[in-house]
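To keep things clear, I will list the structure first and then write my remarks on it.
Labels A, B and C are assigned to the chains in the order they are written; within every chain, residues are numbered from 1.
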Amino acid sequence: MKNVRKLMLAAGSIGILALALSGQALAAGPTCAGGTIKVGAVSTVTGPIDFSEVPKATQAAFDQINAAGGVNGCKIDYTISDDKADPQVAAQAARDLIDNKEVVAIVGGASLLECAVNGPTYKRKNVLDIPGVGVDAACFNSPNIAPVNAGPFTMTTAVSYFGARSLNVKKLCAVIGIIGGTDEAYKTALSNWEKITGQKLHMIDLSMTPGGDLTPYVIKVRDAGCDAVVTNHIEPGVVQWIKTADAQKVTGISWLFLSPAYTEQVAKALADTNQPVYASVEWEPFTEPNSEANKGWLASMNAAKRPLTAFSQGGYLAAQVFVEVLKKIDGPVTRGTVTSALLTMQPIGVALNGSAWVFGSGATHSPMQATKVVKLDHGTWKIATPSWVVLPPL
Amino acid sequence: MKRASFRSASVIVAAAMVAGAIITGLLPGYWTYLATSVLISAVALQSIGLVAGRTGMIALCQMSFAGVGAWTVGYLNVGGAPGNLPVWIFIGGLAAVPFGVAIGLPALRLRGINLAIVTLGFATAFDAILASITFPGQTKFIAVPRPEIFDSDGGYFIFVLIFYVFLAVGLEFLIRTRLGAIWLAVRHSERAAAAHGISIPGAKLSAFAISAFIAGISGGLLAGYLGTLVADNFNMMQSLALFAVSTMTGAQFAEGALIGGILAVAFPEILRRLNLGQDIGNVLFAIGATQALSAGESMSETLRRKVRGWRKAAPAPLDAGARIAPPAAVPLRHGTALSTRGLTVRYGAVVALNHVDLAVPEGAVSGLIGPNGAGKSTLIDAVAGFLHSYSGSVELAGDAVDDQPAHVRARNGIRRTWQTTRIAPELTVGAYVRLAGGEMSDAEVQAILNWIECPHPDTLVASVDAGTRRLLDVAGVVAARPKVVLLDEPAAGQSYEETIKLGRHIAEIPKLFGCAVLLVEHDMDLVRAACSEITVLDFGRVIAAGAPAVVLEDPRVRKAYLGIEEGNAAA
Amino acid sequence: MNGLLTSAVAGLTAGGAYGLLGVCAVFTYRLVAVVNFTSAAIGTAGTFVLVVLNEAGIPLFPAVLCGLVAGVIAGVAIGLVMTKWFAESNASTKAAVTVALLVGIVAIGLRLTGGQHPHHFPDLFSGSAMRLAGVELTISSLLTIGLGVAFTILADVLLSRTRMGLHLRALSERPMAAELIGVPVQFLSILVWGITGAVTAFSLMIIAPQRSPDFMSLSLLVVPALAAALIGLFRSFWMTLIGGILIGVVEGMTSVIGGLNQYRGAVPFLIILAVMLWLQRGARWDEAR
């Protein structure tokens, strides 16, 4: 307990210092009526998956900023709404945040479907959304949403790019499960890879359904003679896939997964396998506590006793970039000023990712374009790419 | 009947106008937004209420139908189809109909539970397909546009309200037609419905088609409401939850659908305000539905019963002035109305009927008697077409009917009653007579009911005692004026006086309605009073036939049957 | 062609699971006259008990036992609901009750077992048994099919050859009459619920590592299971087993047919529909009504 307080104080003093510095740079800081800035998030907490770690990390970051005096004296009042992965509930939650809570922006959410459901609402109401972890395709393809992660589609391109560049893959196969209308987004991601590398995909299968038996697919990629297979399984599927490959005694194929594979639970569940398993990572690998880039996040999460996972990196990062933008507002913080500040902002360098984050005025936003790749090594994830793999522009 | 339809229709319209004024005029935007959601859910609930609550089929794919409607609206929008949202929503509803019929088709033959599995299978399959198709226009931010005057929250609420009122009023009229009665009859007993000449496949298909249409509309409304949709709006768990809610509130009633809609929207709202997980909603729906099923009564049925209880103060007086003369007598035909030749029914090794030859003459009441297990009810089942197979033949006025299914035999003139009454209790007495007898004037219905001394046509069957229901059974079969009426122990459970009266009425049937009657009965007083000739069955064989006085004195009959019976009666 | 055979064999694993769960469903239906939509959910509950205990460091064998006991408890709990409140209800109502319960159980199950990380499902039987058409048939998938066959034989013999089976059949067909002639109806029903709870739990323990191991996906295995039972017309254990395997095999085969990819999910459904319509050509009257 004492330690925590000490850390909080430390974090607080850093915050004050930062505030003082920014205060000097600008003539006047942001002001707020009533002393609070209302911010919300719509996240999947109950239902098929629990993403609450993301907004809870955002909450922790905001709490620490508040404890250190807030943003130019304004406390951030943060509300997390559960959507149960139910579109109806997600829509209701967003309207509640916008109409009743009168939030100035949506920050740090992570939901299976929130972007797709609420994108039109945000546009109608002129609210901007900064998801901590964007999941569905609309998060990376909407005028009013800009996540702080690269997301599954950019990651598909990036991990395939890594395969071609570093693993010398000649026959890349893609086995993608399409849920929630992500068909077009994955096809675009794969064709982007073809454009960047000038290679052709060896085989593509978009028929996988969640929860089904994977044996036919493992057999299919084996018989097709793939060197590497990129696949978009989420956590349980990753374990199931590798176990199926082991059961079928498949060898000589590199398995390229996306960021959901990168958890300690997956590493533990697959401790016995000899399959070459790779995962692309959204941010500086969280399993590297000594990394310089992770410092701020680590201090914040340890102080708040939040778990150290990729999810909490996303939530933390969303809070950080949002507060950066808030600080630059000169005058009252309202939905209008926050929106225009985000639309006109300069890119912010993000240590947690090799790219710079920016909202900006584009029709769609997918600012993060870099990944690191980790490889499974007997129950632990080891970094396979010490430096960031940045996708070259098309 | 019409009056009742107009009455409830005007109640709905008035309530909608008041609600519309209050909600758009007084409540803030957010509440208007929620109220819109309530109405859209209520439309979806009405669709499942029709097929599950009213027709008794467990349908677990309603949201898939809604998905068809929504996606159709999306395609029409992106494709720049002529017209605007209301037109597209209507087309979306129509697009769902073929799916409803396609799912309904197996329902024609499958029993209720199997249908539940098939619909669940369809929902799973549809999930997989829909999940792979992005909602049209989503990637290009083409939201489904609302008509200009309905663009605001309040405006769109009014827009949805108009649709809701149209559907609710339409359903109020529909459920009071013969089709509405048919659905209830099918839910209560498929056999009894078929015995009224109702085509069970037709009834189920119509229910499925109309319910798919309504579900499709709800999907279209949702598309306009949210602008863009995701597959999860329509996934299988949504359909299952919808089923639970509709079971809990009784979505076959307008108020049940509305209560369900309110719950579906209020739960997330309340849970969010209490800072509880959203999953608790589904648990509560499951408990509520289980409770409703165990009580045999949904929320709206409880509500209706209570309201009826308060109103009960003045029961509808029997229309004393309407002591109309009995229906006009019908000229009698001559010859044999119904005959069986060598009718044989086997259940495995047991021979239930063994080469039975039986003739029911026109214009008369014939009796069929025999000890328990003699095969009397089996004979009725075989003649009316309710057995999978029998050998020998059944002829109606000289024409073989063996290849006709039960409902066709009923339409062609073989009507039957059942040992236990199978009238859907939700019907009114008048609606039941019309269900059984086809369309007829109010005076005609009243005349038949007066003849057999049944209560006022507007009386609910649920509030009629068992003895009167047996009379109503008889009223139903004769109202159709078939060639032959098969009465299966109509006096069972009746008092002595009632039995005597019933005997008199049965004896009048040939003269008044032109039907030949085959009366299966244990009560010898009734048989003696009503029948002009008697056939005796024992162990599936005919052991005697002829005039009552002769047959009942036959020593074989006395030995097989009457001796024991009389002995028992004396004891 | 070879690809088709390979993928068909690959579908055997899933097929065995469907068949086994289908046989359990028929067993329940024939003995207590309930089409149980919660059956897979009951088994899933037992399986998760095993997983949680195993994760907590309890060795596999006692954890499996605890999981089976949990399956029995879950089965008996549902059984108590059905026998206490719905003994006199018709088959449709009973099915509707289990559908409603499924909605609640999935919500509770997800709440208790959910979260963002999957649980680690121990392989009860790991390793490969044989190679067929270029596919490794794992011990667990063969065991699933074997268990299906064993349970089919057992159920068949129990129902048609033993006195207890006679009692049990009387129980489902005429519960009131059975009670009158001294069959301990309540006890036997609960026994049946308990047994099916244990068997489905064991089945799911074997199947789960091969499937997406979250509570909802596993609970929804009831859909292909009931479809298989439908192919057996809820009467024949053998037809059910064969039906289940057929669904799995066809599902496997569709994964290699290019054009069908997107509509793969619909194929098993269409097969069930076709089989159903063929099997039930004549008009049927619902005995209960």
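Operating definition for what follows: contacts are C-beta pairs under 8 Å (C-beta built on N, C-alpha and C of every residue); 3 or more make two chains touch, one makes a residue touch a chain.
In this text, all values refer to a predicted model and were calculated from it rather than measured experimentally.
Student: Which one chain sits nearest the middle, judging by mean Cα positions?
Tutor: Answer for the innermost chain: C.
Student: Chain pair with the most contact pairs?
Tutor: Here the largest contact count links B-C.
Student: Measuring centre to centre with CA averages, how many angstrom lie between chain A and chain B?
Tutor: 54
Student: Measuring from the mean C-alpha position of chain B to the mean C-alpha position of chain C, what distance in angstrom results?
Tutor: 33
Student: In angstrom, rounded to a whole number, how far apart do the mean CA points of chain A and chain C lie?
Tutor: 38
Student: What parts of chain B, by residue number, touch at least two of the other chains?
Tutor: Residues 128, 132, 277, 279, 281.
Student: Where in chain C do residues touch at least two different other chains?
Tutor: Expected reply: 107, 110-111, 216, 220, 262, 264-265.
Student: Scan chain A for residues touching two or more other chains and write them down.
Tutor: If we look for residues of chain A contacting two or more partner chains, we find 46-47, 206, 209.
Student: Chain C touches which residues of chain B in the complex?
Tutor: Interface residues on the chain B side: 56, 58, 60, 105-106, 109-114, 116-118, 120-122, 124-129, 132, 188-191, 194, 236-237, 240-241, 243-244, 247, 277, 279-283, 285-287, 289-290, 293-294, 386, 388, 405-406.
Student: Where on chain C does chain A make contact in their complex?
Tutor: 3, 6-7, 10-11, 13-14, 17, 107, 110-111, 114-118, 120, 123, 128, 134-136, 138, 209-214, 216-218, 220, 248, 251-252, 254-256, 260-262, 264-265
Student: Under the stated contact criterion, what part of chain B meets chain A in this complex?
Tutor: For this pair, the touching residues of chain B are 28-30, 33-34, 37, 41, 128, 131-135, 138-139, 141, 143, 226-233, 238, 264-265, 268-269, 271-272, 277-279, 281.
Student: Would you pull the chain A residues touching chain C in the complex into a rising list?
Tutor: So the residues of chain A touching chain C come out as 46-51, 53, 205-207, 209-220, 223, 235-237, 239-240, 243-244, 247-249, 263, 265-266, 268-269, 311.
Student: For the complex, give me every residue of chain C touching chain B.
Tutor: It comes out as residues 35, 37, 81, 85-86, 89, 91-93, 95-97, 99-108, 110-111, 216, 220, 223, 226-227, 229-230, 234, 262-266, 268-270, 272-273, 276-277, 280-286, 289.
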